[in-house]
Each structure stands twice: as C-alpha cells, then as structure tokens.
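Each in structure tokens, the structures are laid out below.
What follows is chain A paired twice: with chain B in the first complex and chain C in the second.
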Partner chain A sequence: MSTTSTTTAEIVARCQALFDDLHFTYAREWKAAVPGRIVVGYMPFYVPRELIHAAGGLPLGVLGGGDQLEVIQGDAYYQSYICRIPRSTIELGLTNRLDFVDVMLFPSICDVIRNLSGMWKIMFPKVKSRYFDVPQNYCDDVGGEFYIHELNELRDLLAEASGRPVSDDALRASIALYNENRALVREVYAFRARQPWQAPSAEVYLLMRAGLIVAVEEHNRMLREYLTAAAAEQRPRRDNSRVVVTGAFCEQPPLNLIKSIELAGCYIVDDDFMLVNRWERSDIPLEGDPITNLAAAYLHNSNHTSAKYEPDPEKKGLYLVEAVKRSRAEGVIFASPSFCDPALLERPMLQRVLAAHDIPFIAFKYAENSGQMQPIREQAGTFADSIKLWSNP
Partner chain B sequence: MTNRDAPQVIKDSSMLKQKEMIAGNYAKLEAAPATGQKVVSTFVPGNLNELIMCFDMLNNLPEINALQNGMRKRTGAYIMEAEKRGHSEDVCTYVKADLGMIAKGNLGPDGQKLPDPDLLLLSYTGCFTFMKWFELLRDHYKCETAMLHVPYQGDGKITPNMIAYVVKQLKEEVIPKLEKISGVKFDIDRLREYLARSARAEEDLVWVLETAKSKPSPIDAYFGGVYYIGPIFTAFRGTEDAVEYYRLLRTEITERLARGQGPVTPTGELTEERYRLVVEGPPNWTSFRDFWKMFYEEGAVVVASTYSKVGGLYDLGFRHDPARPLESLAEYCLGCYTNRNLPSRIDLIERYMHEYQADGLVINSIKSCNSFSAGQLLVLREIERRTGKPGAFIESDLVDPRYFSPANIKNRLESYFQMIDQRRAGSRAARAA
Partner chain C sequence: MTLTAGIDVGTSAIKTVICETDGTNTRWLVKRIDRVRQRDPFKLAREAYEAALAEAGLRHGDLDYVATTGEGESLEFHTGHFYSMTTHGRGAIYLDPEARGALDVGALHGRAIRIDSRGKVLGYKMTSQCASGSGQFLENISRYLGIAQDEIGVLSKQGDSPEKVSGICAVLAETDVINMVSRGISAANILRGIHLSMADRLAKLLKTIGSVDGVVLMTGGLAHDEGLLAAMQEAMQQEKVRWPVRNHPDSIYAGAFGAALWGAFRHEKLAREEALAEAA
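Take a look at the complex of A and B:
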C-alpha cells in the first residue's frame, strides 16, 4: 500500500542508507528473521532473480565497494591493469562483509568476472559459487534448450541451498512480482525521461540500487511511493541538455560522478546502470512452463548490452539510437570503467552508429573510487553547451 | 655460459617443414582473390580446422597474424594506428594489432596483402574479447559471420548439455553457413578422415611435450613449445603435413633424448639444465628472443607451460575422435585451457609441477589478456602453498612493445633464480643436519 505522505527526500534517504551500508545489514536481518532463508549474491549484468525469490532467497546485487571501501587485501589479487570491481568484491569477501551469503552467482559478462567465479570457489569454499552462463545463440531449440538446462541446474542448486524444492507455482508467483517490479522501473525511467528535473539521476540511481538490496515486494512499494512523491513535488527546471549514459553496466561510477554530470548541465534521461532491473523489456508470461518462459524472455525479449552477441549486423548498436529517440536525448555520454574490455571494445562500434545518426557523443573513463570530478564536470559541461549550440544554430 | 654452438638448430627438418607449411598457407591466402578459394577467419582456441577443410576453404587466423607481426616488430605501429582511430589504450592489443594492420593496408606478415574473409567464424571459446573482436571485423568487412558459442567450464567439467549445445550449433549454424559460402556439401566421412589425422598428430605432440619429464629435458616446452604447437593450433590440424611434421619432430626429439641432450636455443644447445620451470601465460612476441635469452642464459628450461595448451589440451587424454566427429569437435572446443575454470587451471599447473619435477612456477602476466591474467596472483599463491616451491610474477604484453621492460624482467628473473638456489641450499643443509 502506498503512503502518499512519504516524500522523495525520505525515500532517497532510505535508499542512500542502504547504499552506504557495506555490511549489508538489511540482508543480514532479512535472513535472520525467518529460519531457512538464504541470500544469493550476484554480480552484473543479469541473473534470473525470479528463481532465487522462488527458492525463498533474497537476491543481493554485489556491485563492488564503490568509493567508500578502502581496498587493502583485494589489491593483492589483481594487477594494476585490471578494473576495480573484482578487487573490491574480494575485499568485501575477505573482510567478512559477505559472510552471510549462501550462494554467489557470477554471470557471463567478461573474463574478469568469469575468473572471479573460480577464485571465489577457492577463497570461500563454504559458499556455493556458480558461473552462470547465458546463451549467445537465440534459437529456441539451440540456445533456448541449453539455457533451460542451465536454469534447471540453477534451480537445483538453489533448492539444495534452501533445503526445499522450487515449485512451478512459486516461480510463477515470483515472475509476477518481478514483472510488476520491471513495469514500475520502466515507469520511473519514463517519468524521468519526461520530466528529468522532477527525478534527478542520483535519486533514480539510488532508488534502482535499492532494488538490488531489498526484497522485491519492498522495492515495488518504494518505486510506487517514489513515483507518487516525485510527481507531487515541484522542483526547479534547468535548461539542461538531455543525455543517455552508456558503458556503466558493470563496475559502477561513483555517485558523485552521476551528480557531476547533472551539475554540469546534462539531464541523464536513460542509462545502462544495473540492467538487471529492466532486463526483460515486457512482462514474462505467467501461463505455461515458467522455466521455458524465463528462457524465451532472455532470448527474445531482453535488453542489449556488450556482453550479448548481436547476430544481425544491421542492428548492431541500434539499441542505443532507440534509447536516444525513446528518451528524446540530444547526446550520449560513454562512461566506462577503466580496463573494461566489454565496454571499451563496444564503444567504437556504438560511436560509428551514433555518428551515422548524427547523434553527438563524448567519452570518458572512471573507476568506482574515482575522486576527481572536475575534469568530468568540465567535459560534460562543454558537451552540454555544444549540444545547445548545435540545436540552436 | 651453458650453450654450445649448434648450427643444427636451423637444420632441423621439422623446423624447415613448418616454415614451408606456414609460408604455403600465407601464399594460398594471398592468392585467394585470384584462385577464388574462399577464406574463413577464425580464432586459435576452439578452431575448427578439420571442418573448414571439409569445405575446401582456407583458414586465416588473426591472432597468428598479430603474433607473427609482433615477432617482426610491426605491431607497435599497428596498435598506435588503432588507438588513433578511437580504440582504447586499455583493451587487448591483439585486437588493436589486427585492426591497425587492416587500417594500414592489411599486409600479412610476409608483406603481401591478405584477402578479405568470406566468413568470420567466431569460435567463442575461452575469451570474451573474441566476440567484440569479430563484431569489429564484421563492421569492417560486412561479411557473413557464424557464431559458435562454447560454454565455459564454470564448475570444472564438461556436461552433456554443453556438448549437445555446441553440436547443435555446428549442425544448425556453422555447417550450413560453411556450405552456403563454399558451395560444397558437407561430407562427414571427409571430416572423419581429417580427425583421424589430427589424432595421430596429437599423439606425437603429447609424446614430444612429455619428454620434458626427463632430466635433462630435451625440449623447452614454452619457448620451443610455441613452435611445436604451431601446426596443430592453426591451419594444419587434420592435414598430412601436420602428421608428417609431428612425426619428424618426434624422431628428432627421440634422438635428442637418447643422446641426453638439452633443448635447442637460438644460440645452440643448452648443455646445463640448472632450473626446471613451469610457465603460465603467453609469451611476449615483440621481444621473444630477448625474453627467451633471459632464461637459457641462466640455464633455465621450461618443462611445461599452459600456453602450449591454449589451442587444445591433449595431455590429459583428449584426442579428436573420428567415431564421434561433431561431439569430439565440441569436446575439443570445451576443453581448451582458458575455457577451464581457475581451480582446474591451478590443478593442472600443480600436476605439472610434480610430474615434471619443476623447481618453480613463472607467471608471465599479459596486460592485454584478462582471460589469462585475471586471477593469476591467486594462481601463484595457490601453487606456492600447495607445492612449497617459489613462484615468480612478471608482467609484459603480447604484442605491445611499450609493455616489455627488459631490465625489470631480467632483474626479476635473476633474483628468482637466486631464490631457487637459496632454497636448494637451505634444503641441502636441512638434509645434512
């Protein structure tokens, strides 16, 4: 039930507290509240959270340590030319911040996270760790069949961890909840694209990040409350340019970076932060076999990102053009983690497509613990100004 | 100095044979626009050479072009060219060496123009970068692409589901595209014939690599090993040429073994084996000879390496099997070294350390290559812990000369060899006490 009296400030404060808490108190308390509950950690970019929920588990997004965690031990596991997220994730593990996590999932996004799945098996042998593979072939009888097997193996693993089977009915109920969640997330994104001054990106970011921490039922409430509160409050409208941010689908930018982009004169009207929140583009059907439905949704109705193969060369990169059109953006900011092969190798292809559609762009790199925002603010500011110049010749 | 001048190094028939084979393949590739022979570009790990041959197509391997150009010191300029064109300084330099080469006229290692591929066969095995690399090439060539997704052995094993998935893709995606482009109908018996040849060559290769268990080792399984794996990892697996190459090589090594000889190095035979090492990670190609010298000058012999398993791991028993042609191709792709999870990689190295009676492990960590490099510091710790033997960690790059620092690497290796000496002295003293 939504309480109309909740303000955006209150909701955002709650999200901020969740975001800041690198001991994951919420998840610890959630687990302790009912015997038999499990917590399943997962890394970007996607896992079928419905299965975890149906197994009586809390899916917990593990997105590294951000700029608040001092990485001491994690650095000893990685060379200087590897991105930050694996080292801060190891730090979280070695400092016992994740000691309540029963299962860790490592999706098939890149070689760093892939290899981290094996490191986790060695370093944290009590945790059930699994590399979660997704198909790069999108035919139902080829990639689909493979994926159904993978999903069933994950279902068995979760059942073993929670000590109870995952029934089809429970899975359907979970799919329904996540359908609702994704619909609300899409609504928040659409709301921000319509009135970005009413839903600052740092707020939307924190709200989405909360979705990787709290139970889906609670997140659904939060999203509803936010939509109501954000629509009710009048906030000053700035003459900002409208941009899509892309490339930040794994290691997260510091919150300050998101704020800096807006402060520099760019409203972020779409992004690829935490794609798991809106991976499927429309509802997953509830009728029929739920595992088959999850598989079909991945194959035919999911978002695009660098980790996913695009079989049709004509369509390569068009998702970004569509995002620009859908959100009525005027430009694109490529913000990618340093040393991120998937984001940085994809970038020239996307830039070619944008150039072909006359969409301006800029690019920079960041690390989750970047402190210096001045150069980024300057670059984004110049970009915002040049967009205005182009649009008002 | 532990080397005796031995001019037979350049006279080895196997070496000459390999040189001829490589030159022949480049000649065929360069003649393809004139002969009309169709060209497939594909990757080394999980390459389907036998299948490609079934369609009378030529196999062009961008990684090998980058490697060969690296050895000829051309990649520095190619990489800079790619960076100038907007490719990040942070990404894999094999990709940039290839894209830079294309941008500068697509001249192959022998200076002749390489043909545009008719098909990009994306054998997506053991490395995520492959997918982006071929998407970038597709963007450039606008040619047909076939994707073969090879699942990763996340739990350290190959499941029936993985094999079925790869076989289905071969049947429904890869073979139809090869048929369409070549105009040749698939003949499974032809494939069986090639696979039988592959197995014969594989048998001889394993025999050769395992001679390094002898003391002294008659081979260097890394610096020499990269030559030994050349034919089988590239455009020759399944050919009579490859069978003959490995037969010749086996005969040569049999003789060296019988004579109690050490490995051949660029300056002759290594006569005193002082350190037996296992090496993890690819070598640096732009300063390959200098890098090798840092080892053989100290009497260090690599007795086993993981890089020599990157295009196929045969010493655990896998052979291409003509009785199960497609399934065996699938198992081959699934079994390549970097498609194995980290615990399996560590187990393999540990096994090498024991079976090859190694004094230590050297990791050459490659800046470019997350597939190999992410997690190597844990590999080092684990191996040191499990074997009690010291490890060394050095950093370089495959083909970017900016990341090969000879003085640093040499210093690091020299202190490492001293450390091994001290450990030996320590254990001798402990035994005597």
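Take a look at the complex of A and C:
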C-alpha cells in the first residue's frame, strides 16, 4: 500500500484513520496480501522490530484501546488499582480484534505487562506469546551476552512462526531500513523543536503512531512527505511556552490531552510517546554480526526511560535535563497514566533532578480514556503562564 | 510604547480592550463589552476585535501583541493566551494597587485568587460544583422574576427578610426560588437571599486561598452587582475575615486589562531575549 499524500492535512487524515481503526484493517490486509506473512504484536516500550521485519513479519504496536473502546470484559481480570492498558488490551483480544496476530511480544516494562504475557498464553493458546526480557546490566560480557541469547531465542521463535529462517543478510537489510526510519523520526522531532508552530504535537503524535501500525517502508515515505509538507506550510506562531512531556511511554494519553496541552499555551518540543520509534539514538552498524550489533545498540546507544534500569545513581534523570537543553525547553510536564508504577515511582527522583537544575515542572495523571480535559488545560495553562511571566530570560 | 489588545472571552460577554503602555503609564484606547446572547462567541470575538481596531484607528499588524484570556485560546489571531487567574490578578493590581486578592465572579464560575504586589498568582481556588451561585444562575432567576439585570443590585439591597437558597445545586436553588414565589416572598428578599447564599459560598472560597494581605477586588461580570458586594461584605464579617472587599468601575474589564498588560510585558521580554540572543 502506498500513499501519495502531499499536504499535512492529507497525511494527518491518513494517520488519524489508522489511529481510529481498532480492527487493524491495515495489518489484516497486509497479511492477507501475501501468503506466509505474519503479524507480530508488541506492547510498549521496546522490541527489536528489525528482527520481526527480517522474518517477513509486520511489527504491530498494541497500545491498548484508547478512549474509543468500551472495556467490558477486560475489567474482570484486574483490580481497580491497575492501569488501563492491560484491561483494554485483553478487551481487544477477547473481542477478536487481534485474531490475526501470530506472535505477541510483551517487553519487560512492569509486573502487570509481564503477567499479561502469561495470561495471554492461557487465553490465546494458538498465539505464540513471549515475555521479551531486556538487560539490566550494561556490560557486554554480562548484559550483552544475556541479551544476545534473548535475541537469538526471539529469532528462532519468529523463524518458527514464519516458517523461514532469519538470515543475517535479511536482518542487516532490515536494520538499514529502521536506521533510515529512526533518522527520519529524529528529523521530525528536530524540526518540531526548531519550529513547533509548524508541526503541532497532535500531528506529530499521529504520524509517530502510524509508525507502529504500517510497514516501515511506508512509514519512511510518510515521514519524508510530512517533513516536506510541514516545512512548506505557513502556520501562525504563538507566544507559547516550550515544554517536554514525559512519563507517557506506555499507556498513551488520549489525543485530546495532547491537543489540550498545546491549546493551553504549551509547545511540546520533546516527548516520550512511543519511544520504540527512536529507541536507538543513532544508526546501528551494518557491518559484522547483526545480532551483536542490535545488542550493543541496546546497551550503549539507546534512549532512556523510567522503565529502563539506570545503574549509576549520579546519572539518574540526567537524560531529562539533556532533553530540556537539546530542545530548548522551558519546563517539563510529567504526564503519566494512573497506577503506572514505572512512571510514578520514578517521578519524585526525576523531579528532584529537575529542581536541582532549576527546571520548572508540573505533574498530572491520566488514563487512556480520560475525557475531562478542563483541569489539565487549567494546569498546563497556568504552568505556561508562570514560565512566560516569571522565568528568567 | 507598546500597543496591545486584551480579549476576554467569557460565557456571557466578550470584553475587548486596546492600550498603549510603556510599562508604567498606560492609556486605554478602546474598552468595549459585547454580550454573547446566544451568538457564536468566537465569531463575536473576532467582530469585537475588528470593531475595537476600527475605533482606535488601527489596522491588523499595528499591534505588538494580541492577548486572549477566558475561553479565547481558540481565536486564531491571538499572539498569546493567558489563563483567567493570571489576567484577573494582574487586572486587579492595575485597578486597585492595594489589591492582594481578586474575586472573579463570572457567568459560570467563581475564582478566588491570591496575588503579590506584582500581580503574580500565589494561589487560587475555583468553585467546582454546578452553576448555582454564578452569574448565569442569577441572570436566569432575574429573567424568571421579570427583573432587568441592572435592577438586581438595587432591589436586593431593599430586602429586609431574605431566605437563603441552595448554594450547591442550581436545580435545587431554582426549586427554592419557585417555592418562595409561591409563598409570596418579595422579589427583593428572593434576590437578597440568592446574593447571601452566593456570598456565603464565595467567602468560604476566599478563606481557602490563605491570608490576603490587603484588599480583595471583585472582578468579572458580577463585580458591579451592588447587592452581591453588600452581601459579600456581610459574609466576610460572618466568616470573621477582615480583608476589605470592594469593586472598581472597570472591574468587569479586569481580565481583558490583565491580558493586555501581560501581553505588553511579554512583548518587551521577548524583545529583550531576542536582543540577548543576537548579542550572544
């Protein structure tokens, strides 16, 4: 499937349609188009999508049901103090919306998602489900070896699912495609940080979200087209505050929340939505053993998030300070899902680091189906006012 | 001199002002109020802005900053938007330099705002329940009673035996009013009862924002309601709060004034930042 969109409105409309489609028509059609294709679902925050692509699969980000899915059965599986994404993901499964998915990956983000991997195995025995572990130790001979082993196990699982081995050459080709994808994603983020009025955050969000649904080749085209179209369009520049939004790396906020933050007078110049799109911070080398290269990229060249272990207490939260400096942000908004342990337990430590660097911040919580935006608008708006009026030049 | 506009998009009225200021001296070129009266508030705000420009003999592009407040963040022609507590705080200080608190009573909400001498918001609280005790509610009741809005304050002050209404729920409050009418309670006493109920709620709201070291200036659409002001002064005494509550002839413009003044401030600040960046 290709896109010939040329204006931002057309590109965004396409992304919005993909975002709204909770029956995953694109992925179903992609799979049906060629016999032997597989679809591999994965949850936040990261999986090595190159391996899935090299196995002839379509990586499909499963980020819950958002604010359009009524969760009826999913609620029966969880206590009230558990976040919403596992409930709505189960709802997606039980309502057969994911019945075309061949493999389901549950990355190591928190206990809830880990347990969901076990539940999935019981509930959907025909699906190859795997808890995908990532290293907590960043030495090549310890965490590196462990991770190479994990990647090879995943490689075998994918080969079994697709019925064909994953060759090194195919993996290198996939890494090259994803290198290109990450470079384009970084370019979109850099463009938005330079001229946030030209690339509204809701648009960038939908564009990035499309990257979790469509084939990487198509997403690369979309990103290129968006960069061209967004640069060509002249939009009004507002006197808004520049903020980094953090804490939303797993269960996603409703689109209206992102729009509300911007409407309230904040330009989002960096965020951690869908980190998988830019998990590796620069190109993964194509020379040498591709599995070793993927492992080394995770250990030494990957992004930071609360869900990733930081062994050095001195470095805790500095990535956020760097993000503020890099994007010339004036403050940070902690927007985290209710009951999200990785985000909410880390938040006080991150706030302490920001306070030590005189970076203003606010915090609020949401659920993927939050509907009342007025309090968030007021909070983000008054935060924007305080930055605009009382921060030092 | 900096030329700025402030547009306060409220639920029942659009307040538009244009000023010329050097940060110390301010000259207001235009002040206007346009009642919404079931029209599209955003279309009306644009028309009001156009009319204000024409009245001042200005064109688009002549202004250094167009600031919106209230519900005005969706107006496509604004330079920047400020939130109501920020603008009402600034407007209150401008109108009454002794103000250290602002009580913004509008059509839908009441807001108590604590400010310092620069107009910086130190704390605020907002009524969180329904429209009871709001301008919209009072407007509805006066319409049911067949009383013009500008008569409300005068009549209310004539009430000598008021009965309070529900301060929590507009539906219950309306039922209270219907009962009073059927019992033959005079319009003056009904209005005074409503004012006392509203004042009771607003005085409690004021107490929650902490100690105000100065005057509380009433702002927003109901600030000129002398009946409410009198009830507020009474309620403050009952709550044993000693901060004087008063209004100003331009209280209704506080939000728009604040927006325009903050707009001028931002314009200067951005210019300074740009100069610093160029020098660096």
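Convention: the second predicted complex is superposed on the first by the 386 of 393 C-alpha atoms of A that agree within 3 Å, B and C clash if a C-alpha of one lies under 4 Å from a C-alpha of the other, contacts with A are read in each partner's own complex, and residues count from 1 in each chain.
Basically, a contact is a pair of C-beta atoms (placed from the backbone, for glycine too) under 8 Å apart; a residue touches a chain by one contact, two chains touch by 3 or more.
Computed from a predicted model, the values in this text were never measured in an experiment.
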{"item": "Touching partner for A:Tyr78 - first (chain B), second (chain C), both, neither", "value": "first"}
{"item": "If touched residues of chain A are counted for chain B and for chain C, the larger one", "value": "B"}
{"item": "First (chain B), second (chain C), both or neither touched by A:Leu263", "value": "second"}
{"item": "Which of chain B and chain C A:Asp140 touches, first, second, both or neither", "value": "neither"}
{"item": "Which superposed partner A:Pro236 touches (first chain B, second chain C, both, neither)", "value": "second"}
{"item": "Partner chain in contact with A:Asp21 - chain B first, chain C second, else both or neither", "value": "neither"}
{"item": "Which superposed partner A:Thr382 touches (first chain B, second chain C, both, neither)", "value": "second"}
{"item": "Doubly contacted residues of chain A, that is, touched by chain B and again by chain C", "value": "none"}
{"item": "Contact set on chain B toward chain A in their complex", "value": "85-88, 90-92, 95, 124, 127-129, 131-133, 135-136, 138-139, 142, 145, 147, 149, 151-152, 154-155, 159, 161-162, 164-165, 168-169, 172-173, 341-346, 365, 367, 370-371, 373-378, 382, 395"}
{"item": "Residue ranges of chain C in contact with chain A within the complex", "value": "65, 73-74, 76-83, 85-86, 120-121, 126, 262, 265-266, 269-270, 272-273, 276"}
{"item": "Contacting residues of chain A [partner chain B, same complex]", "value": "76-79, 81-82, 86, 106, 108-112, 114-119, 121-123, 130-133, 135-137, 139, 141-143, 145-146, 149-150, 153, 306-307, 309-311, 313, 316, 338-342, 344-349, 351-352, 365"}
{"item": "List of chain A residues in touch with chain C within their complex", "value": "236, 238-240, 263-265, 378, 381-382, 384-386, 388-390, 393"}
